Amino acid sequence: MNREEIRALALKKLLQVAPDINPGELDPKTPIRDQYDFDSMDFLNFTIALGREFQMDIPEKDYVAIQSLDGAVEYLAQHIEGSAEEN
Amino acid sequence: MSEFRLPSLGADMKDATLREWFVEPGDTVTKGDSIAAVETDKGIIDIEVFESGTVKEILVQPDEKVPVGTVLATIRSGGKTQGHAEPRKAGVSEDKQAPPEDMPRALNIQPPPGGERKRISPAARKRARELSVDPENIVGTGPGGAVTLEDVASSAGPAAPTGTVAGTAEKQAEAAASSMRRAIAAAVVRSNREIPHYYLSTSIDLTPALTWLEQQNAERPLPLRLVYAILLLKAVAGALQKVPEMNGFFMDDAAQVKDDVHVGVAISLRSGGLLVPTLRDVHRKNPDELMAEFSDLVNRARSGHLRGSELQDATITVTSLGEQGVDTVFPIIYPPQLAIVGFGSIVERVRPVNRAPQVRRVINASLAADHRASDGHRGALFLAEIDRLLQEPERL
Amino acid sequence: MKTTYREAMRSALQEALQQDERVFLMGEDVGRYGGCYAVSKGLQEEFGEERIRDTPLSESAFVGAGIGAALGGMRPIVEVMTVNFSLLCLDQIVNNAATLRHMSGGQFSVPVVLRMTTGAGRQLAAQHSHSLECWYAHVPGLRVIAPGTLEDMRGMLRLALEDPDPVIIFEHNALYNREGELAEDSSITDIRRAAVRRNGSDVSLICYGGNLHKTLDAAEQLAEGGIDAEVVDLRSLRPLDDETILASVRKTHRAVLIDEGWRSGSLAGEIGMRIAEQAFYDLDAPLARVCSAEVPIPYAAHLEHAALPQVDTIVEKVREVMGQNV
């Protein structure tokens, strides 16, 4: 899975949690909660959705790494086996 | 004789389920009385009668689902000339004395309760008649709180029987939002008018609770992790065991303290507005059960799939605006409840611990309580108990 | 063409004197002095003492003379220095000019044009500053008009002279020095119909004469706050153009009346009543008015300012009507 695929899947999960997010306007570098009304419950739902989609556990201490879309993509890419080398 | 029909209680409402009649045939009703409760997708809502008279026949029974406009009952015109029916109690009404059918028409003309006629602009009144909506039920935004044309238009919404209001999805969403706004407005206006609030606030060291939570979550798979709000809810429910007079309702001029703790949780919606679904029996449930229910409620509240019954029966409300970055909340009691607890954001503060300064994670808890039911001293004990319980999170 | 209201009226007088030999101007100090407000400056040199006549200080006498001249076939323009002084000739105007057509069974007409200044704002004190045009607007048999734009200042006199009955033109003294662009097209003036000077959808501001610009300024300020005001310039105070007023109110559903007269018994009161009579069910807010304070207009500048309708007070009243508490 390459980063573009990861990004597409992560964005899909994000939009499921927060349908009001406009993907065109979302700044991938800035934490999502700084841009939208995205509270801890939304964040937990997003994390759960990512964990389920990519079949991995995301420990609470790593939450800080997935605050932004870019951060989440980077984190996922590094933690999915075999995907890191592709890039 | 008039027909009491299921009104449109919001632009997107198509039907509703009748839940309860507060009156029975023969009861006298006065314009403005709530005489039935119906369940819509926004919750259970009391509906008012628009005419004074006597209930003649009830045509729709509880648990029947009917479309907007259905005749629910027939009302024989001819109001009481004195006194005010109290149909909520009149479900077991003693006042069975129906006025004679041939009562002079003139006696129907009663001044509305309070003496002053509701302010409705002439144009709004005319438009309301064209749209078949009752302007008496609309919250006015014009000068002096008068109902204006715009208020009528937004209250009628696109579902109104007219071709003049565009039925776009945007307009529907707007109308739904404004109907929620009106519901919130009605509740807070009543609260500020009727309830003598007192406010207390204290800052609580949340470090032990959060440390415990982090340890717990480190061992838990993603879907089973807890959010800190659960600990706050448990602490509130626990403190109510010690100071029960914050839990219950103020009705009929008396506090009705409840044993079971049903916590209304204020949830803000993305489109604006808020819903306060109820977490039942918080004192009896463990954090895991609460987390599952809480998460389910939040998700459904935000996707618009709450059941009406889930908006009912809360004995106290908890609101947390911490994630919006405020330190302290000064909440308004949700009537007829006795109290509301607000939590601000978690902030790092230097606090003395064992006589040495330490950086601790601190949260401000505030209480607004009904002074008719309790005094500041008990309120202070209540907040202190929340604090104490949060220092021993493993016991929550 | 850039010009002032004063020059616009002077050029209207000039044109009337040139085009019709029956036209002459008379009044106090209109000749040698050039008019108290310098409106007729230079006209005596151009048209001579026969046609630009200085009169004794007797309003009753020279207005009466004007009425007589009109009955005799002339087209007199009589300048009464201010409406405050016109009370001295009220008898001539109300009992004679306004009634003769009726009392003669239509045999006589009185085609006199009376020009009067009105209004305050120039620190001329109470006896020179009142707005009494409403009193004349009360009287059947008179046509009462008030120019608010340069074009109307320039064009109304010609139309008034064409009218076979007495016409009173109220010129607000605060307008004379005002400068602006005068459109060349004379057909845009009308003394029978009110004019919508600004289109809007939220509220109708109904005004005339010297308050037109204050009202337009208020409308601009309101627009910044999201209120889209329509401005109706009455032009004719008698008869009132109900049709234009009501069409505007039916569109906006709200009306605020701006009138420099005193509130009690004001023209604003009359217009408000007509709206209530004919457009009650179109109203979405109570009618409101901005009038002068019920005092003799003060001399002191700050008190005079406070006594008159101003942009701020108009804005405030409109916000109130819109349900925006200020």
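Order of writing sets the chain letters: A, B and C. Residues in each chain are counted from 1.
Keep in mind that, in the parts below, a residue touches a chain if its C-beta (ideal position, glycine included) is under 8 Å from a C-beta of that chain, and two chains touch if they have at least 3 such contacts.
Bear in mind the structure is a predicted one, so any value in this text is a computation, not a measurement.
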Taking the mean of all protein C-alpha atoms as the centre, the chain whose own C-alpha mean lies closest is B
Chain centres computed over CA atoms; the one at greatest distance from chain A is chain C
In whole angstrom, the CA-centroid distance of chain A from chain B equals 35
Cα centre of chain B to Cα centre of chain C, whole Å, reads 58
Taking each chain's centre as the mean of its CA atoms, chain A sits from chain C at a distance in Å of 71
Chain C touches at least 2 other chains through residues none
Where chain B touches two or more other chains at once, the residues are none
In the complex, the residues of chain B that touch chain C are 121-126, 141-143, 146, 148-150
The residues of chain A that touch chain B in their complex are 18-20, 33, 37, 39-41, 44-45, 47-48, 51-52, 57-61
Chain B contacts chain A in the complex at 214, 217-218, 221-223, 225, 227-229, 268, 270-271, 295, 298-299, 323
Listed in rising order, the residues of chain C that touch chain B in the complex are 253, 280-286, 320-323
